[in-house]
Amino acid sequence: MAAAGKTHATRWGVVNVVVVLYALFPVWWIAALSFKDPGTLTDGNYIPRDWTFENYRGIFATSEFTRALINSIGIALIATVIAVILGTMAAYAVARLRFPGKQVLIGMSLLIAMFPPISLVSPLFEIERIIGIFDTWPGLIIPYMTFSLPLAIYTLSAFFREIPWDLEKAAKVDGATPAQAFRLVIVPLAAPGVFTTAILVFIFCWNDFLFAISLTSTESARTVPAAIAFFTGSSQFQQPTGSIAAAAVVITVPIIIFVLLFQRRIVAGLTSGAVKG
Amino acid sequence: MSTMAGPAKGRKAPSAGARQERRLGWLLCAPAVLVMTAVTAYPIGYAVYLSLQRYDLRFPARAEFVGLSNYGSVLSSPFWWDAFWVTLFLTVVSVAIELVLGMGLALVMHRTLFARGTVRTAVLVPYGIVTVVAAFSWQYAWTPELGYLADLLPSGDAPLTEQWPALWLIILAEVWKTTPFMALLLLAGLALVPEETLKAAMVDGATPWQRFTKVMLPLMKPAILVALLFRTLDAFRIFDNIYVLTSGAHGTGSLSILGYDNLFTALNLGIGSAISVLIFICVGIIAFTFVKLFGAAAPGAEVKR
Amino acid sequence: MAEIVLEGVTKRFPDGSVAVRDVDLAIADGEFVILVGPSGCGKSTTLNMIAGLEDITEGTLRIGGRVVNDLAPKERDVAMVFQSYALYPHMSVRENMGFPLRLAKVDKATIDSKVEEAARVLDLGDFLDRKPASLSGGQRQRVAMGRAIVRDPEAFLMDEPLSNLDAKLRVQMRTQISRLQRRLGTTTVYVTHDQTEAMTLGDRVVVMRQGLVQQIGSPAELYDMPRNLFVAGFIGSPAMNFVSASLAGGTLRTPLGDLPLDDRARRALEQRGAPPEVIVGLRPEAFEDASLARGTGGPVVTATVDVLESLGSDAYVYFQVEGGPVSTAELEELATDSGLRDTGAGASQQIVARLDAATRAREGAPAELRVDMSRAHVFDPSTGSNLTHPER
């Protein structure tokens, strides 16, 4: 019995290690690249022979990357805040209130969740040039928050539905107006869900590439993923591999931190909206 | 918004409470609806309009209404059809692999005896990581002289410069990145399978495989369909991985790449918009097929009470 | 404190279904009234309408003389205890109980003293700074009560407040609620599906079925003089026995045997024009062991004992009689509600008699049972009404 249990455990151990390696190997590889100096860049080693921060120093020395990093953070944060606020309001209504037109809202956000972004790139490109927000922060914030709204509404309404319905009734009988019931009872209970949603939306915005390369043309609004793709070597004979690897690691760090700290919540958030009744 | 203003059918004039509730509902939804309409409905309409124009940014003065001729040029062009088949191939193959792998991963996460948190955390990394970053990692891995994986191949092979190897590498990158998401959706479905039902099946003499196919899969069907729908639509718009890995060269360009190139390399807004509209229609057909053919619970259904 | 008056109150849902139909009910100041009935009878909807959580489609609702049909819950000054307790999980016990006062903008010191006072009454003093999640079921229930009493409302509305407790605790809390209500003297409307709760708690009980009030009366009235088949079957545990009978010259011919009516019943049946085929209702305690012979006459029937349950204080004797169970819409509904439908009770009909513990009845042996005909009820199968019930 004990022996059987042991082989069982060993088997799971092996499976778990395989899964972890599968998930982390490409990340490790690019991290290793980022610490290699140009001389050993091509040695194919999994661990750098000579550790160097040269690549990091290189990217932080140019405004091409630092500016992109600021853009990425600023744009993703603002888009997240707006999307979560609008999403919270709509999701509360969807999950809690009876009003005609609810299905229209749900159908609409479903449609947008399925929308191929490339279909919007050409008209947005033209519209943004006409109204003068092409290659600016708002030019990216607006599509980001729009495309993350369905995600926010789904996830949040799933969280809201788990708050017991009676609580709101109780608050009303206790003398609260609907607005007070929302502010004093629902919002504090929903805060964890809102926070989780914010992380998911942030990851979504942080990840975008298509809008970032289509709706920007200069450093002024270009985000890191787009900037990386446009990196050039310090000389035309040198591949920008090291710089790209270093930049890649820098923008991966926040994601890793989120994942480490909020694993449970992210899993809950990703799955709650998708699988329900 | 006018659709939202109609009074509910067959109801007496609602009381103060109901009116208040309804007004609050509209008020709370209005901003989201306005934003979504302004940023998607209007532009897609504008894209339809643009697609009916001859509109080349290099010669803006020569813009004129040309009816459906842009669609004619696109649909009669081998570029469109090549990209279409490439996209379809990538979508079908990568989603199929993701489903199998994702199911395995979900079972591991569901059943593993220990290190559950570690496994879940590790699995979230591919989901969270920026696609472009992952794509670069894969690109370097497969670049001769640079990558650990290319070194494993006979020297001189550059898989990313040949169509079929490149397509498979794109699938690999796509599968790596998105399987975890699939696995998490399936995991949520697994959680809905009652433990007691499985025990009952075990007592009834079902083998593990039978328990999986006869009990788990049928119960998970709604979750599987939703996961497939999400992933299929997502895979169909594949762009980032291809852009970084091959830039769409060597016959690996997807529809999104084609649309992008027409807009930003050829600077042809008319043709590019026609492509955009056609992709939109394709996605619509896929979604419709899923919902109608498989009776998939549309992801909207979960929001109903 | 206030009286609550419902006049012709009706609830019709948007899909046209009627949950509550034309309810007239006047609840006196300080009275404890129970709404009872099987699920879907409209009792919770009625309570929600009183609370203001559901709109009233037709009719008038007055609390303390004021028409409150269109007032929001907050303007009605009623407190409600929910089945799920509906405690705010992010607030401590103290904050939970003080929440209604905080909303009413009562100053902090007053809130504190009122919460302390309520906590003392409910024996919650040690838990004031805990969160609901760390409390037991009974403690949560008391917090819910506390939240209702701190604000000293016009009325308490309770929606199955004890259903989530285990049986023993439920009995204890029942007593506590009763004591508390008497002490505070606050008008209380209490919803339950449990007839025992209804009988033990209420000054008056309102039995509802399919949105209609069946009978309003004191527990004793409902028990001894049920107005119809439904009330008769719903109130009492074990339930009243029903057998079909044909009426022939003042005698009921039943599968049990012939049962002669007493004078009171005969007169009532004549007066009401009873049909030839009727349903006879006998409570378990209408039987007694004829061999113990303390009875005062009445017909004796013989039956073979199926199962004997000895409870110490009394004994329940079960036996079968020929002929299928009596079936009317009311009884079907009761059977469904009590889960009897699922036990697969077969073609013959089971009768239960409550006998003195000293009975010598044995399983498998015949027993002689005397029937107290003064406690027999005769029902019209088509209308369900109790023909022996004095018309008032």
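Residue numbering begins at 1 within each chain, and the chains themselves are lettered A, B and C in the order written.
Just so we're on the same page, a residue touches a chain if its C-beta (ideal position, glycine included) is under 8 Å from a C-beta of that chain, and two chains touch if they have at least 3 such contacts.
Owing to the predicted nature of the structure, the values given are computational and were not obtained by experimental measurement.
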Busiest interface, counted in C-beta pairs: A-B
Far-end chain from chain B, centres as C-alpha averages: C
Centre-of-Cα separation between chain C and chain A, whole angstrom: 56
Cα-centroid distance, chain A relative to chain B, in whole angstrom: 16
Contacts with two or more other chains, residues of chain B listed in rising order: 8, 18, 20
Shared-contact residues (touching 2 or more other chains) in chain C: 52, 72
Touch list for chain A against partner chain B, complex: 8-9, 12-13, 15-16, 19-20, 22-24, 26-27, 29-30, 33, 41-42, 44, 46, 86-87, 89-90, 92-95, 97-127, 142-143, 145-146, 149, 153-154, 157-158, 161, 178-179, 203, 206-207, 209-210, 213-214, 224-225, 228-229, 241, 244-245, 248, 251-252, 255-256, 258-260, 263-264, 266-267, 270-277
Partner chain C, residues of chain A touching it in the complex: 164, 166-167, 169-177, 180, 184-185, 188-189
Interface residues, chain C side, partner chain A - complex: 51-53, 72-74, 78-80, 82-84, 86, 88-90, 99-100, 103-104, 147, 151, 157
Of all residues in chain B, those that touch chain A in their complex: 3-8, 18, 20-22, 24-26, 28-29, 31-33, 35-37, 39-40, 42-44, 46-47, 50, 105, 108, 111-115, 117-134, 136-138, 140-141, 145-148, 151, 176, 180-181, 184-185, 187-189, 192, 222-223, 226-227, 230, 233, 236-237, 239-240, 243-244, 255-256, 259-260, 263-264, 269, 272-273, 275-277, 279-280, 283-284, 287, 297-305
